[in-house]
Amino acid sequence: MDADALARAVADHLHAREGTSKALGIVIEEVREGYARIRMTVQGSMLNGHGVAQGGMIFTLADTAFAYACNSRNASTMANQASIVFLSPGRDGERLTAEAREEAVSGRSGVYRIRVTGEDGRDVAVFQGLSRSVGGAVIN
Amino acid sequence: MDADALARAVADHLHAREGTSKALGIVIEEVREGYARIRMTVQGSMLNGHGVAQGGMIFTLADTAFAYACNSRNASTMANQASIVFLSPGRDGERLTAEAREEAVSGRSGVYRIRVTGEDGRDVAVFQGLSRSVGGAVIN
Amino acid sequence: MDADALARAVADHLHAREGTSKALGIVIEEVREGYARIRMTVQGSMLNGHGVAQGGMIFTLADTAFAYACNSRNASTMANQASIVFLSPGRDGERLTAEAREEAVSGRSGVYRIRVTGEDGRDVAVFQGLSRSVGGAVIN
Amino acid sequence: MDADALARAVADHLHAREGTSKALGIVIEEVREGYARIRMTVQGSMLNGHGVAQGGMIFTLADTAFAYACNSRNASTMANQASIVFLSPGRDGERLTAEAREEAVSGRSGVYRIRVTGEDGRDVAVFQGLSRSVGGAVIN
């Protein structure tokens, strides 16, 4: 299996086990080594008191893309820290896309940046995540 | 209505309109001016591929406490940025508590820190949020 | 030596070796276990192109207080990540104070929050730092 | 003047007024619209108690590149928040390079990412900055 096929197999494995991906309807679009692009559609259960996507739902989408990207080499890796900037609301019924890219890897640490965009391509949020590999493989 | 009663009324108003609070079973414990404490219990729909609480669910709990604290003076306020550190996993079935405190306010900006703890009192996550008031009131 | 005296001895040891503390005139006011308060005065060499303290100088003051607090138990500890919010400019000639407090410790990780204030007590910046102990002692 | 020449003129203007750039020996390598690359060499006055570059000095370099990138359209812009991950120490005598890129712009807010690398090309730090334009021009 080549690096990109392995990355996709790991993401599919995680996705099948995630309660959140089922609950939020997260769909994998593309996963490669150090890269992931996924989407979800904002539903009523994801709204905040102002009627737009709760920031935590946008974070969850970004964090899921981050997980697929940082586990893509099949080394079990956890999120250690993340910073998110909210730029524009996610609207009820809107399809949001999160794209994760590897920014840097050093020893067991990795830094990933994730951009969440709306249907019209506008920036909804930008996320920077710090990961740490914890030993062991995700899939055999 | 005094400042603490107003803070609670605003939180109750937001809570009643939040799709996320219903979907995640978030319960308000206490809200005062610049302060909020809430809880939720980790369910199967909140787990990641490793069988522990997805980071985004922990973020959502913290972010909801942040919203109650930063809107507590009934000035409509949005999250602008947040940084979260994950210290310990949230377990399936565990009740998590988030406590938000006001750290600093300057002009239209505010900084809040939120601590998420497990049933045994251990630290699960620490969150720092930057808010910006956007004009207008939350409730009439 | 009790815990607070050890904390101060470690900070004094670090301070004596820091090129930055000499260059910036950083003065230790108080160090205890998990706590540090230090100060510096904004000089011309610390200004940005707008004539106020460069954000990195404020960060350096906060980061130095962070170092004293997270090394206070004499376990060698490094900054892993930090997030800073700038609330108000630091003025030319103004004395800035940074106060670091331990927020959470879990295994080898720690989270500290540092508040930087101006002479009039206003909030200049709020800083959250993630540390990681790397093994070994700071002083014998 | 085209957009890239204006960006460079703004950076030169800021650089000439910065106390920090003089004190730290920061050199501009390239500035274009939404982009900046600068460098500095780690000196004794920049070291921490462990004999490597103090994190605040690395932050200052990154923050300076951030300032040139976010002011590059000659709209006066300030840093609002920043998050930095430290990946590898900067060594005494080493030349560090910071490269700032625009990640997203929305209304008056912008998100920039800055990578700091060592002489051997390794990643020293990754920085994400949130800027806010404050009205007015930098140069006439």
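A, B, C and D label the chains in the order they appear, each numbered from 1.
Everything below uses one rule, namely that contacts are C-beta pairs under 8 Å (C-beta built on N, C-alpha and C of every residue); 3 or more make two chains touch, one makes a residue touch a chain.
The structure presented is a predicted model; accordingly, all values stated were derived computationally and were not measured.
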| item | value |
| --- | --- |
| Winner on C-beta contact pairs when A-B is weighed against A-D | A-B |
| Distance-maximising chain from chain A - centres being C-alpha averages | C |
| Whole-Å separation of chain centres (CA-atom averages), chain A against chain D | 28 |
| For chain A paired with chain B, centre-to-centre distance based on mean C-alpha positions, whole Å | 21 |
| Chain D residues counted as touching two or more neighbouring chains | 80-81, 83, 85, 109, 130 |
| Parts of chain D lying in touch with chain C, wherever the complex brings them together | 13-20, 22-23, 43-51, 54-57, 59-64, 67, 76, 78-86, 138 |
| Residue ranges of chain A touching chain C (in the complex, touch as defined) | 80-81, 83, 109, 130 |
| In the complex with chain D, residue positions of chain A that touch it | 81, 83, 85, 87-88, 103-106, 109, 111, 113, 115, 122-123, 126, 128, 130 |
